[in-house]
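Written below as structure tokens is the structure these notes are about.
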Amino acid sequence: MKCIVLEEKTDYDGSQISSLWGYNSFGVQEDSIIIFRGACDVKIEHMIDLEDRKENESIWSEDMLSFIIEHFDSTNLKLIYARQRLFTAIVREYLADVGVSTSREGDDLFLEGKKLTVSIASTSAVSQKIHFGINVTHPVYGNLEEAGIKAGEIPGLMQEIGMRYVREFEDIEKDLRKSRPLGVV
Amino acid sequence: MKCIVLEEKTDYDGSQISSLWGYNSFGVQEDSIIIFRGACDVKIEHMIDLEDRKENESIWSEDMLSFIIEHFDSTNLKLIYARQRLFTAIVREYLADVGVSTSREGDDLFLEGKKLTVSIASTSAVSQKIHFGINVTHPVYGNLEEAGIKAGEIPGLMQEIGMRYVREFEDIEKDLRKSRPLGVV
Amino acid sequence: MKCIVLEEKTDYDGSQISSLWGYNSFGVQEDSIIIFRGACDVKIEHMIDLEDRKENESIWSEDMLSFIIEHFDSTNLKLIYARQRLFTAIVREYLADVGVSTSREGDDLFLEGKKLTVSIASTSAVSQKIHFGINVTHPVYGNLEEAGIKAGEIPGLMQEIGMRYVREFEDIEKDLRKSRPLGVV
Amino acid sequence: MKCIVLEEKTDYDGSQISSLWGYNSFGVQEDSIIIFRGACDVKIEHMIDLEDRKENESIWSEDMLSFIIEHFDSTNLKLIYARQRLFTAIVREYLADVGVSTSREGDDLFLEGKKLTVSIASTSAVSQKIHFGINVTHPVYGNLEEAGIKAGEIPGLMQEIGMRYVREFEDIEKDLRKSRPLGVV
Amino acid sequence: MKCIVLEEKTDYDGSQISSLWGYNSFGVQEDSIIIFRGACDVKIEHMIDLEDRKENESIWSEDMLSFIIEHFDSTNLKLIYARQRLFTAIVREYLADVGVSTSREGDDLFLEGKKLTVSIASTSAVSQKIHFGINVTHPVYGNLEEAGIKAGEIPGLMQEIGMRYVREFEDIEKDLRKSRPLGVV
Amino acid sequence: MKCIVLEEKTDYDGSQISSLWGYNSFGVQEDSIIIFRGACDVKIEHMIDLEDRKENESIWSEDMLSFIIEHFDSTNLKLIYARQRLFTAIVREYLADVGVSTSREGDDLFLEGKKLTVSIASTSAVSQKIHFGINVTHPVYGNLEEAGIKAGEIPGLMQEIGMRYVREFEDIEKDLRKSRPLGVV
């Protein structure tokens, strides 16, 4: 599994959640997590969560870190949702390690009661994907700036969260290759 | 999904990881998390992790909390391992909320560098299961007593961790019922 | 699994077979059977059965009961087709219980040789669905009026058939949680 | 899919529910339904339903028709249970057609309130199977003799029920090969 | 599984890779391999391989044999790719048997270093498909004419390669119905 | 995916087909192909193919090359059989490349009409495996010695066939990560 951190500013408009965006844009032919920073403004046609669409929700941030995860090993909805929750927990653990205390509710992190993150997960006929966004700054919602994360720390944060997910994934792949099937009562 | 906390002392010998133990012992016919407290001494024939078996590892604790999770909705190995990691993160979050700081490495929690927990996950042809054990006391390994958890807090901890997993599971089941399939580049 | 009977007249134009129609229209976040009554006129773009489409078949009824079943637990085509046949058999059993004798051929019911019902089943990347329609009146095909079902009986029929499917589904979910894997010769 | 009716008396002791029994005994290398008549006395080690095993239930009949269905196209538990319910409905429909009125509750048929049938379904790592048994005579339970089925009708009944399931299966396989995927709201 | 050789000249424009093309065009309701001969010019909207699309590759041949395989038994991407490679090997074996030596690299065959074939495989929510094309003549690429295959041999080649795949598929279906599950260390 | 060639003589008694043999013996925690040379004498309890077991077949060779493939990415029977046929074709291609002409029938290779190889494939609840054996010498069956393969060429042959399968597998994994889902008619 590959971890790619984009150096150039990249805006998230929701098109990046499409299957094969990673191959199309960067030629990556492995499962991947691609990380970038830029404005976020999700167009209605790219909204995966029907609740957002129905309520005409705006998914907007002037400065957001985006993590785009794509797996081709399964199209099972339950699996990508379990992976999404696990990724959310990994972000929370990382933030705690750098001194930022947040609380998790499902796929959301809250900073002092204010929503810090956005996330969605789904599947197509060929791959499953997660988008996870963290506000760097935001006029209303929680954001890393208010949490005391300095500008210089952002690149390291992007890289390290990405690598933690990769290591978790690879650790799981190893563990399941040494476990016997269950017995039965 | 059902959460059952056993009131009587119950020892874990590894037989409880078998598929259908929950039905056989308690007549439960839902996905479930069953939680109990007692000594832990896993017999070689119930060791699922071949690494433990090969190295003749002893999985032993005089006083352990055991969480037994069983799902019948899939026999996909990757899914039960993602769920196991997520459960481990949930335990860590709970402990942090009650003031106990631990670090997570895959499916292990460490308390000041000492291993606090044991865990295994696998599947049979009919169900998938997780065992997760937390030492209450232990002469060598990390344990809740040293972490400052008082005896009176244990029952609440058993119940609350169990319920958090149930809520997470049910929240996922709801979320995946409002998500559109991914588009494709 | 949820059973929802719509009180207002609702026409079936084929758009209701789309995945997530239940969430979008009624906010339902469980597997569901949604039942309503109204005219039926399926637009060509919503025809799932290519045979109908090729033959420019009209799927039309001035007064039809529609049952829309959606499951998110699998996208296996064989499973939704087995469920469709089972649902058809449940309708037949209910009709027999209220004194209406029909014969079943696959997913069709016939009343004295005249086709009483229409049905289709398929899957998307996120859910699997069944539409099952029963003519209340019809100038050519079999219909409940000719079968002697009185107007006042219709609401009860809609509710009871829906609930029978829910109970069947829940009964299966329980049964598969007490069955050991097969042995092997 | 193959339908085989055994001419010789064959007792059911539960070993026939094992995967590959059909290949081992008759060399059949297709999905199959194998039908025979004989005494039924299920040994405890072949009991698949843990409820029977726990309650030390006797599954016994001096004269029973047994239908053994094996599919190799999936090991999905939900699918074999949906197929089992569908088979039960098929038996009920056949009996109604020959003038025997029964009621169905899940995988059981009742004749005037007395249980006429036994059934179990499960899966191994290689195949999924159903056993469905109908009492021909029985001192306590419902049976075909009391239902007025004459001895001479039994062979035809065995053959015809088997063939109806085969036709249903083949009809499903055809139908799912002409259905477009669902649209999405 | 059905093998259909079209007698009339049929051009391949990429639309034939769509799911259900076989049913829509020929009413076939089995898994199938449909074989035809004609020009090949794949429109951009039918390009499944994003590499071709990105690089604005032309997939063009004035005279090509096309093999279109469709299976409805699974939508697993890994399975259709394994089948694609196996089909490629079958073509190579056939060509060797008629005296044409080629080398295989994945899903490509080379004739004296020149690419002789094109191929793609993928899945939708309802079926999985392979397109495999062999140049009969070509100004640049390898082709059967240069390989010494005579015009009169082409119809036999189309039929025989198709039948070899059908026999391989049916042989596999038989073999997996006589194999016990693996033991475990 | 890992390719391991054992240097020491290793006999095949059928126990090596068990799931997790690779981890247990060599600590490998990836999908793998493990290759060794030694006598072959399969014990009845390790016979996976019931045909061999029923007919009390002896699977015996005084000197055989064994290839043991294990994948943990799926437990789908159809997939492991497609992979087995593909592996067989790879062996045939390698032999052709070193000047040994064989014919393939399913999972068997024949050398001048004499069976050169044995093979079986199956799955457990945790992994899927293939055993493929090639006689180095044999009093009755085809063997590499008679085919003119020299002793000094054997180690290279073991390594190269193993690596070809690994490359094929990795090539597939890459290809399926650049393919769009199929359209639908």
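A, B, C, D, E and F are the chain letters, set down in written order, and residue numbers restart from 1 in every chain.
The rule is simple: a residue touches a chain if its C-beta (ideal position, glycine included) is under 8 Å from a C-beta of that chain, and two chains touch if they have at least 3 such contacts.
For clarity, every value in this text was computed on a predicted model and none was experimentally measured.
S.K.: Given the pairs A-C, A-B or A-F, which one repeats the contacts seen at D-F for over half of the pairs?
M.R.: Equivalent chain pair to D-F in A-C, A-B or A-F: A-C.
S.K.: In terms of CA centroid distance, which chain is the most far removed from chain E?
M.R.: The chain farthest from chain E, judged by C-alpha centres, is B.
S.K.: Taking contacts as defined above, which has more of them, C-E or A-B?
M.R.: A-B
S.K.: I'd like the Å distance between the centres of chain C and chain D, where a centre is the mean of that chain's Cα atoms.
M.R.: Chain centroid spacing, chain C to chain D, equals 25 Å.
S.K.: Averaging only over C-alpha atoms, locate the centres of chain B and chain C and give their separation in whole Å.
M.R.: The mean C-alpha positions of chain B and chain C differ by 40 Å.
S.K.: Could you tell me which residues belong to chain C and also touch two or more other chains?
M.R.: Expected reply: 19-20, 23-24, 50, 72-73, 75, 77, 122-127, 176, 178-182, 184-185.
S.K.: Using the touch definition from the top, list the residues of chain A that touch chain C in their complex.
M.R.: Touch list, chain A to chain C: 50, 54, 75, 77, 122-125, 184-185.
S.K.: Taking the touch rule as given, give the residues of chain B at its contact with chain C in the complex, in rising order.
M.R.: So the residues of chain B touching chain C come out as 19-20, 23, 28-31, 72-73, 124-127, 173-174, 176-182.
S.K.: So in the complex, the part of chain D that touches chain F is made up of which residues?
M.R.: It is residues 20, 23-24, 72, 75, 125-126, 180-181 of chain D that touch chain F.
S.K.: Given the complex with chain C, which residues does chain D contribute to the contact?
M.R.: 15, 17-21, 23-24, 45-51, 73-74, 76-79, 81-83, 85-86, 89-90, 92-93, 96, 104, 106-107, 120-129, 168, 171-172, 175-176, 178-185
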